[in-house]
Amino acid sequence: MDSKLKVSIIGASGYGGGELIRLLLNHPYVELNQITSESNVGKYAHSIHPNLRGQKLLQFVSAGDLEHCDVLFLAMPHGKAQLSIEKYSKLADKIIDLSADFRFSSKEDYKKWYGEEHLAPEFLSKFVYGLPEIHREEIKKAKYVSGVGCNATSVNIPLYPLAKEGLIDMLVLDLKVSSSEAGNKASEASHHPERANCLRTFAPVFHRHCGEISKELGISSDKIHFTATALDMVRGILSTSHVFLNKDVSEKDIRAIYRKYYSNEPFVRIVKDNQGIYRLSEPKILAGTNYCDIGFEKEEGTNRLVVIGAIDNLMKGASGTAVQCMNLMCGFEEKTALGFIGLHPI
Amino acid sequence: MDSKLKVSIIGASGYGGGELIRLLLNHPYVELNQITSESNVGKYAHSIHPNLRGQKLLQFVSAGDLEHCDVLFLAMPHGKAQLSIEKYSKLADKIIDLSADFRFSSKEDYKKWYGEEHLAPEFLSKFVYGLPEIHREEIKKAKYVSGVGCNATSVNIPLYPLAKEGLIDMLVLDLKVSSSEAGNKASEASHHPERANCLRTFAPVFHRHCGEISKELGISSDKIHFTATALDMVRGILSTSHVFLNKDVSEKDIRAIYRKYYSNEPFVRIVKDNQGIYRLSEPKILAGTNYCDIGFEKEEGTNRLVVIGAIDNLMKGASGTAVQCMNLMCGFEEKTALGFIGLHPI
Amino acid sequence: MDSKLKVSIIGASGYGGGELIRLLLNHPYVELNQITSESNVGKYAHSIHPNLRGQKLLQFVSAGDLEHCDVLFLAMPHGKAQLSIEKYSKLADKIIDLSADFRFSSKEDYKKWYGEEHLAPEFLSKFVYGLPEIHREEIKKAKYVSGVGCNATSVNIPLYPLAKEGLIDMLVLDLKVSSSEAGNKASEASHHPERANCLRTFAPVFHRHCGEISKELGISSDKIHFTATALDMVRGILSTSHVFLNKDVSEKDIRAIYRKYYSNEPFVRIVKDNQGIYRLSEPKILAGTNYCDIGFEKEEGTNRLVVIGAIDNLMKGASGTAVQCMNLMCGFEEKTALGFIGLHPI
Amino acid sequence: MDSKLKVSIIGASGYGGGELIRLLLNHPYVELNQITSESNVGKYAHSIHPNLRGQKLLQFVSAGDLEHCDVLFLAMPHGKAQLSIEKYSKLADKIIDLSADFRFSSKEDYKKWYGEEHLAPEFLSKFVYGLPEIHREEIKKAKYVSGVGCNATSVNIPLYPLAKEGLIDMLVLDLKVSSSEAGNKASEASHHPERANCLRTFAPVFHRHCGEISKELGISSDKIHFTATALDMVRGILSTSHVFLNKDVSEKDIRAIYRKYYSNEPFVRIVKDNQGIYRLSEPKILAGTNYCDIGFEKEEGTNRLVVIGAIDNLMKGASGTAVQCMNLMCGFEEKTALGFIGLHPI
């Protein structure tokens, strides 16, 4: 017990924070020490995250009452981490921030995509972008790791090998997303009678996550055409990437490329079957898992390759990947606490 | 055109008000004159009720700008109508109030079920309870008619014949209800990630609508055991009434009783088939219709009769019945503007 | 009554047939005379289409027992109409076929898209493609009209003006579709535990409806990149058309183009608002209606225009449009029996 | 590795079998040796259960090819296990049967509830009813254990303490159930357009699981009034038990009774809060878990106590409890492989 790492979470009342608690409670090498929520001080974690009932009793404290810890997760709304990162950096040896605050290494890029001046630009270069499938070795050595955008991740993992091989001419990205992606704050737009059964194109031509896509894939943002539609789903993203290739590549070639990049990845699966109901990737069977499933099909006679990415936005798209990063940063086996297989049917 | 009745709606931005607009726009004998919403003055109806796009252009006005009309619908939240009923009574010859304010004829009953003093008790006796299946003849002659509670209606129509025949010993009412029943105001409880997939027993032992059930069925409220559970559904109520009978009655007898009371009712259907998928009543095929479907099955060897009621809570449970009342009050054919058949599949 | 046209439906047990029955029962100028279903002879229509309970009693007959009628609807599975069209053509003055059998005017096109020889090629040129928004005048004079593909229609109406103006360079079509599109036959793929919550890319790179899209828009099929994903929805299609334009066109220009083509169309609405929850088109509020709603947004700095089409696949995508064609063919007011406004919330 | 117990599953292509595979693959003390499915011989497990992709590769074999094993799970449709139990008893030291075949200890009871003669009555008394909350000590010593009915379990765990204390006068059981409960065979009734959005009272007055309820609670079946309604949900049961008590008992007393019986139960949680959205038990947050959550509320002034039970029908209602039994039978820690916390939001 003594040798367990001490971990705390700032902003643990949100959906990302809740998933972190769930994962860390089952992690054999860490002890979840403190969780904060300014509006819920004194309340039990399970009063906000009802799935935690009956687990280790945890009470929310104020961020002001945080003790020093080995790993600190920041799970606050966008823009908050940069306000106090200086202070947090003294509280913990290692920091993993789930927000968008430290996903870019330059303040210019941050401003381009988020429209505001960054408030702690000196920290930008200290953070590693926390996507193990692309930055595993850097993450292992990092002190500070940034979380990933869920929409970006649903695209970046499936397309990275193709981009790296220099095959992509142009991208049309059509994402189907769920309601938990927008967080736990109620609004008219999230009111059940309006949000149920919806097919709401909330981002017809632009999304801030395109910055992360452009950066990670190394593709100019004017070649990335993004659209996102919200569905009546609580968890999960399906990304349909219409990839226009710059050379003639067969499905066999594509398979070989994925094998080359991902055959050892613990959380990437290629899903391309000739029969059955689940021939291509689907997010529903990924709820609670850290997988990114990738399907694809080449259009005959044209240069379009359709790549289908599926993730659980709160897991591989946020907290799951964050815990995976912690495992890498701390030298734990990478899959620790992330072994949930997923349910079927669901 | 000149001979059309002038109709206005106070509180037309809510779900009940939206349904009234939809129905009245298609009503051949009335002209929808004004619609009010204090928080939406100047906005078009379709900015709030998107289904109204492309219909007659209507702008919300303030209630203070209401002109005299032939029929005035009140569709405000509970407690508001009684505040200004005196004033409204001078604005219109006929008033139909959808709220709970005038459902009881005595101030004592109102206080018993709503916990507050009534603010316009002198009007209570002027209102007729607007359920045509029970009070058709009174409604025809009424100047003021009260709307019905949706949950109460899902029980009252199916059980009235049994109550009238003196067959009911005790009732266990188990209601399955949808999110539109709670109105258009967003809250943490209606936030999609929480409200989706829910099975929330929000009223385990009590609901204010029990007052209307007790009154209309003539059954003491301590014999009425009520429970309501909210489902992931936007429209519709399924009421499962576990009726404990005080005498031995066969299914054939029950059928005969329903025929006696309801064979001429335009909006009541008995649904009890031996085969097919829809053997008993189901709300999904009632969306947009004014039907109350009734199914039943007698338990062999005991005195329990299970009666299954299905309605669209916004139609038969609110605005549909209100328009049906208007038709009766104004001498129109009772089904006018209420002929929508319902969709399948849906 | 005598002056009503006699109408019959072959294949009335399917979902398209059920919608036809529903619409025709409320049509003031026709009398629904006979409905056929070989596997349901003698059964009542409401035993298959439960929403029809309480309407005019109709029993399924065999197609062999069909009497002569004024208008005959064919609502059989693909491939059946061409088998007996000769016979049917003697039974009725006017024929409207909902299937894919007569959507192409050449047998070569039919074979190209459906992979089989056409069995009644001499009838192909006698049929008019039944999309009033493009072929109204021909339909008015036609004896034989072909129904439309639902997926094709969700794209063709929104894109026709742009195509006609010669603006389209290339299309990426990303459709989100519902389960009723696949008909009423149960299968492993439609089994609820598998089909619920699904995001199944059942047509990653090809769909037979592309033939109709290519033909109606006058765009070579190699410029049309199609993908369709099935969602947990019973009715409705959302088509996201990523339109790559061949010249610089502003949103204002696009608006003007839609006004030019569609300002008098009874069932086309442009949905493009700056506020509110329903800023762009959404199928959920179209259930039961004959509308095609069109939204759009131009991507700044690129030549992509995103066009969002929404329809009820069983209405505008099938039976609604078929009845609209009948109205045109018979000289009835075009909107007759198609005035349902749609529900909100739903 | 050598010391791991060898486990096999007969009938592993069904939903219960799939859950067993998922659980056993993560079980540290057993090795999943063989899985059978007569119609899928040679196929990989993940071709049927897509969540298993990327796990240990398992191929279905024929039951005829089964090797001897330490524990054998039978997960076949009702009526199959009794046909071959003699043979299976020679294949394995310990047997756990998930079907209804061995839930009763007398052939008379079996015939009463299942309407057929039992084909292996001599085995009935050898089986222990596998509900650890009631039969833990017997299960520990058992060689043969019967699985539990999912609907029965959703009622038995919540009501057992009340029954044992002799408090129950009469029961009205109103169950809300999901589609996976009916298994993986497609039918017209499970066809998505019909089954989605449904509220189908498929068991208005009777269910075979009442036999298990009567037996386990020790309450005469004529005092048990059962109704079940199918909802648009894939997993989960909510049981609303309207318990009519034979004496005056307070909520405090009820709490004390639950504490007495269940304070040490690893998978039973009492859910009764005064605030928050999840005040009472709800199945959605239980997907994949082995919990039975129990909420309750006493009606003032009457003898009705409403008890709300929530389970995942495939876990606590079937495979989860079966693995819990295996853990007890084999001397493993009872929670082994059953520690999944459940997701929120979902």
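As written, the chains take the letters A, B, C and D, and residue 1 is the first residue of each chain.
Assume a contact is a pair of C-beta atoms (placed from the backbone, for glycine too) under 8 Å apart; a residue touches a chain by one contact, two chains touch by 3 or more.
Just so it is clear, the model here is predicted, and its values are computed rather than measured.
Student: Can you check which chain pair, C-D or B-C, has more C-beta pairs in contact?
Tutor: It is B-C, judged by the count of C-beta pairs in contact.
Student: Would you identify the chain whose Cα-based centre sits farthest away from the centre of chain A?
Tutor: B
Student: How many angstrom lie between the centres of chain A and chain C, each centre taken as the mean Cα position?
Tutor: Here chain A and chain C have centroids separated by 39 Å.
Student: When the centre of a chain is set as the mean of its C-alpha atoms, what distance in Å lies between chain C and chain D?
Tutor: Going by mean C-alpha positions, chain C sits 46 Å from chain D.
Student: Please work out the Cα centroid separation of chain B and chain C, and write it as a whole number of Å.
Tutor: 35
Student: Hunt down the residues of chain D that sit against at least two other chains at once, touch-wise.
Tutor: Correct list: 15, 179-180, 184, 188, 193, 196-197, 232, 234, 277-278, 282, 345-346.
Student: Under the definition above, what is the set of chain D residues touching chain B in their complex?
Tutor: 172, 174, 176, 188-189, 193-194, 196-201, 204-206, 222, 225, 227, 229, 231-233, 236, 238, 240, 242, 277-278, 280, 282-284, 295, 297-302, 304, 306, 308, 310, 345-346
Student: Inside the complex, what are the residues of chain C that reach chain B?
Tutor: Residue list for chain C touching chain B: 15, 18, 22, 25-26, 47-55, 179-180, 184, 234-235, 269, 271, 273, 275-278, 282, 285, 287-288, 291, 293, 339-346.
Student: In their shared complex, at which residues does chain B touch chain A?
Tutor: Of all residues in chain B, those touching chain A are 15, 179-180, 184-188, 190-193, 195-197, 232, 234.
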